[in-house]
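Consider the two complexes below, in which subunit A is the common component and subunit B and subunit C are the respective partners.
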Partner chain A sequence: MAAWVKGGATDADAAVMAAARLLSSAHAPVFAGLNAEVAAIRAAYDLAGRIGASVDTAGGDATYADLGALARVGAMQAPPAEVAGRADAVLVVGEAPLKSPLVERLRGTKPVRGRAAGAERSIHHLRSNQDLAVQIAHLRAHARGHMTSDAGMAETARAMASALYGAVLYDPGELGTLGIEMLQGLAMDLNESTRCFALSVSDGTQDRAALQVAAWTTGQATRVGFGRRVPEQDPWRFDADRQARAGEADAALWLASLPTPRPTWLKTLPTVALVGADAAPDLAEVVIRVGEPGRETGGVLWNEGRAGLSYRAPEQGADLPTAADIIARIAAAVAGRGAVAGRSAVANSEDA
Partner chain B sequence: MPVLTLREAPPERLDFLAVNPLALSGLSQGDAERLVVGTTRRGLVLGDCFTVALDGSDTLTIAGGHERLDRVGAAMSEGAIRVEGDVGQRLGAGMAGGSLTVTGNAGPFAGSGATGGTIVIEGDAGDHAGGAVHAAKVGLDGATLVIRGSAGDYLGDSMRRGLIVVERAGAFAGARMIAGTIAAGTVGDHPGYGMRRGTLVVGGHGSLMPTFVETGALDLVYLRLLAKSLRPVSARHADLLANAPNGVPKRYSGDLATIGKGELWVAA
Partner chain C sequence: MLIRIQGGRVVDPTAGRDAVGDVWVEDGRIVAPPSDRKPDQTLDAAGCVVMAGGVEVHSHIAGGNVVTSRLLLPELYVSEAAPEGHPFAHAGGAAGWIGATYARMGYTTAVEPAMPPVHALATQLELADIPLLDRGALTVLGNDDHLLQILRDGEGRAAVRDLVALNVATSRGLGVKCINAGGASAFKDGALKLSLDDEIPCYGLSTRKIMGALLDAVEEIGVPHPLHVHCNNLGLPGADDSLVATLDAAEGRRIHFAHAQFYAYGVSDPENPMTGGFRSAARRIVDAMMTNPQASLDIGQVVFGQTVTVSLDILRQFGGRKGAKPKKWVLNAGDAEGGGVVPFLYRPKGPTSSLQWAIGLEIMLLSGDPERTILTTDHPNGGPFTQYPRIIHLLMDKEARDREIATLPGIVKERSEIATIEREYTFSEIAQLTRSGPAKLLGLDDRGHLRAGGRADIAIYRDDPDRTAMFTAAKFVLKDGHVIVEDGQVVDWRAGRSLALTVESDRAMERRTETYLQDRYGQGLDSFAVPEAAFATDKPVFEDVACRT
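And then the complex of A and B:
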């Protein structure tokens, strides 16, 4: 197993002990990334609860853009397989969803079931030549019949209203909460006379797997803190980037067994990094190479097509530990140091 | 007058939900110093960061604010708090009555869900002042929020009741407004995004939503009544309506993406 402490190669036990030392001596640790298999995310939540850490995900901003609208107005949402199987009109909002292979799949196929089975599929595109949220509002005003002044908007609104099954694809990070709420309002308006669903195109991270784990573990979404023992959800306070910028976090666990864009604070904050194939000695203070789920190790991941969790077997055998194993070993070492959440425990660990 | 004097910058965010004149009036000096205000496993108590001096009166002074003091005056129902310095997020959130004055700047979500009382921020406010926190249905809900400096983006987001008076606001002021009044010297782009009802009075603005339509320059009795109610809070904002530079203010109606019963009055 490859592991490094302060840039120097070391063995697994020494790296785990260094990680436990770093995390147990921190007052306000942050667990970030969580772009990993479900078992590792579960282990991270368990350890976070023990040491009073807060938790955030790699795609936290986009996730909360979706959740913000969902919590206020609900959502008319369909999974990709349903959209591919049933939609005869698709509206792509902005540029980011165009990168999804789903759009090519939709262009090359026709609906095969439901009311629109056998019909041609029309694809419409709302370009982001100005604020996307504003454009969605403009479209909705035309769809409601409150405006008729923009011919392009009127045409798109007519196409979605006359579809048997419409779908609107968007990227939550690109559209933002206000735009998503407006888009959901548009879908709800259209459902007065036909069928229309929104589809949030994922950014490829395991945020949705983390959301499932967060929900069944804490009853809340991600961006939760355990500093006061009970889980507290606060998307502003527990934004990992904000905490690092504000100097509130004093240590971090970066969990990314899948390839993940790295935050800038990784090298400035004392960090334990559990990473896959892109592990490097200088990535963080403690770096431990773990198996990449679905490629080097087995693991349960978010299945984008089915919009659910499913097991992915390894493509190749690799003698690498899973991130869940490493976190469990760190948790055992932390428990051995007596560092659990609470004022006296921290005092004890400082004395030690 | 009870006084909390900040000894040094707090090492973490502090939660002041339980620190208000009413709560402190029933506590001994020792009990007040042992109030838990920390938010990490340090378990900080009030006495760790502040020198506490109590006298049982209903006006609390926090001498030495800090941007890490969260929920100052939150859920307060009576009395007064004066903060000499800055505060963090959720100033006066859910406040039902009393008065709250901050001489410095406030973090995001000031006055969120406040149903009564008056909040005055003499410096600047962060994003979502008078706006809704995550998963909340409404922002400001009946209180009066006065910001002497600038407010960030999303001022009064999902506001349902009450009054916000601000010198300058960022983009999306009055977004998703349900009702209530915002008076601003200037606002940024896209004021009133998704608003259903409510009133925005502005001296100047950035880009307007295409879903707002001009409905004329109108001299309504209602505007004079609104100006009269604004005058005790801010004469300058009352003058936006009563003494508009170009005569009567222009009215825009929106947001037509929703039910479109909101109004934007532009004095300039």
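And then the complex of A and C:
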């Protein structure tokens, strides 16, 4: 196993002890990234709950763009295989979704299930040359018959309204909460007379896996803090970048067993980094190389094509610890230090 | 270790037992009283009622819709500071809280009734994080294109059986459920309403045909739990016709009706069936059950207050979306069933909610067989499961019932019989409603009773005339012979197991399904699997439950 403390190579035990020391002596530790397999995400929430850390994810801004709209109006949505199998009209909003392999697939196929089966599929595009939220508002007004001024908009609105099964693809990070709210409103309007569903294209992080784990583990979404011993969700307060910039955080755990763009604050805060193949001695104060899920170790990951979780067996055998193992060892070391008195029992124990 | 539970009132209707005595436990099992050995541990049950651990058959405690409901309405549950030993046990609505709250109430097994096979892994991962309880999930079928194709093409019983078996095996289900069979498919093709014999667009099928095929498949596979059926037309006036017609369509085959309260709505004004409201059809439903001993139901009792409804019945959730309070909802038109999450307020003292409240109690109070009349709130659809102690209180105490009825609008007395029913449930009947009945229904012979050989899942309650207090926080709860709750507090954060049927799947159907899935998703059966390795633990997660032979 490769591990480094302050740039010097060391063994697993020493790195785990250093990590436990670093995290348990902090007043306001932040756990960030969480671009990892479900077991590691789960272990991270558990440790955060025990030491009073706050948690954020690599795709937090996009995730909360969707959640912001969800909290206000809800959603009307469908998964990718349903859109590919049923949609006779697709509206792509903005530029980011064009990078999704789904758009390619939609262009090359026809609906095969349901009442639109066999029909041609029309694909429409709303360009982001103006504010997308404003454009969707205009489109919605055209769909409702409140506006007729823009011929292109009117044409798109007509196409979606006359479709048997419409779908609207968007990227939450690009569109933002207000735009998503407007887009969901459009889908809801269209369902008064036909079927139309929104589809949020993921940014490639494990945020959607983390969102599920967070919800069943804490009852809340991903950005939660445990400083007051109850999970408190606050998308602004527990934004890890903001906390680091504002000097509120005094230590961090960076969890990225999958390749992830690194935040700029990684070297400015005392940090424990659990990372995959891109591990390097000077990445953070404590660096532990962990297996990359689905490649070097097994793990449950977000499956974009199915919009759900799937187990991925390792492609090759690798003698590397999983991130979940390392976090569990850090947790045990933290408990052993008695850093948080009376909170040392291990949940889900099954003694004989 | 030999444990003696001493001097409690032992209530086990399966053994005709209701008297003060002892229960002995060794190695996780209930044992006959040993003639010549001293116990290693004695639990004083004097002044207490001793029952088997509670068994939940229908509570939405895991899965995509439950996750969505937490994101849509995070303020529904209050979180408190965590107790010793588990960081999330007081995180309202979370898995740790669910396990702890059930365990404190004396429940030791809980079943999530709606696991879509496409998301089985997520549901099973979430269930495995519920501490203290054994848990399981029912595999939902009845709207998936692959099944509907096989039925449309008239491929016959063996093909349906093999596909059902493959789905149960892959998802590691404990039983099979159908939810408004064909309804989600019809919704995607524009339908807004569906009854038993309406045609499902594009397939030329009906709910009757789909459900009938699933009823047969469940019997042929030997699934211990009968097909768990969520009928058409939930919550509409005249839904009693749907339930009775569905029972007739079962033609004598075993069938379980989910949340029957939501169907016990007779049309109040035959001249205006959809606008004249409803009246209680509790007696009609109970009579139908009494003449069909192969059928059972759970209640779906309504309790007053804010909740969030979660259901894979997307047709019904779409129909109910405009009643959302607060005004937001999520509809997910998923790969087969999808689902809908609609916040809802059962208005305290409101005429409709009051009548619903009365009808649920009425079904239980009129029932001639509490073992086939299982207490649920369809958590969280009728209200949270945390209200079971209060519901038990109302069943056991006519005066408490009268006091509550007196605060409700007159419609309760006009349109239901609730006020005229004198019956008070006994402890034995409560045990049938919450222990022996659900255990038998799930086909779990090792629980729901206190006979020798049974699993030592045991609840010990202080006998308190305030039945709400009594059943909210047990004095002791044992899981597999270990004391997990003492004086209403969790003292041992053990993990239970996930109960899953052992089902053989047919190789030819596996190959055929692989081809189908690759074509539809670009991914095969592998991506739907629920392997032990996914749980990243060296402890066993699952426990096998055998099919009937």
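Just so it is clear, the second predicted complex is superposed on the first by the 340 of 352 C-alpha atoms of A that agree within 3 Å, B and C clash if a C-alpha of one lies under 4 Å from a C-alpha of the other, contacts with A are read in each partner's own complex, and residues count from 1 in each chain.
We take it that a residue touches a chain if its C-beta (ideal position, glycine included) is under 8 Å from a C-beta of that chain, and two chains touch if they have at least 3 such contacts.
All figures in this text were calculated on a predicted structure; none of them were measured in a lab.
Of the two partner chains placed by superposition, only subunit C is touched by A:P231; subunit B is not. Look at A:R127: by the touch rule set out above, it reaches neither subunit B nor subunit C. Residue by residue along subunit A, subunit B and subunit C are tallied for touches, and C comes out ahead.
When the two structures are aligned on the shared chain, A:A71 is found in touch with subunit B and with subunit C. Looking at the shared chain after the overlay, A:A313 reaches subunit C, while subunit B stays out of its contact range. Within the superposed three-chain model, A:K99 lies out of touch with both subunit B and subunit C [touch as defined at top]. When the shared chain is aligned, no partner comes close enough to touch A:R107: not subunit B, not subunit C.
In the superposition on chain A, A:L178 makes contact with subunit B only, not with subunit C. When both complexes are overlaid on chain A, the residue A:G49 reaches subunit C alone and has no touch with subunit B. The contact surfaces that subunit B and subunit C form on subunit A in the two complexes overlap at residues 67, 71-72, 228, 233, 342-343, 345-346. Partner subunit A is touched in their complex by these residues of subunit B: 11-13, 38-43, 68, 70, 89, 108-109, 132, 134-135, 137, 158, 172, 175-176, 189-190, 193-194, 209-211, 255-258, 260. Those residues of subunit A that touch subunit B in the shared complex are 27-28, 51-52, 64, 67-68, 71-72, 131, 133-134, 136-138, 140-141, 144, 146-147, 150, 178, 181-182, 185, 225, 227-228, 233-237, 248, 341-343, 345-346. Taken in their complex, subunit A has these residues touching subunit C: 37-39, 42, 46, 49-50, 67, 70-79, 81-82, 85-86, 113-115, 117, 164-165, 191, 194-195, 197, 211-212, 215-221, 226, 228-231, 233, 298-300, 303, 305-306, 308-311, 313, 322, 324, 342-343, 345-351.
Interface of subunit C with subunit A (complex): residues 62, 64, 66-67, 70-72, 74, 77, 79-82, 84-88, 90-97, 118-119, 121-122, 125-126, 129, 131, 145, 185, 187-190, 201-202, 318, 324, 328-335, 338, 341, 492-495, 520-523, 526-531, 533-536, 539.
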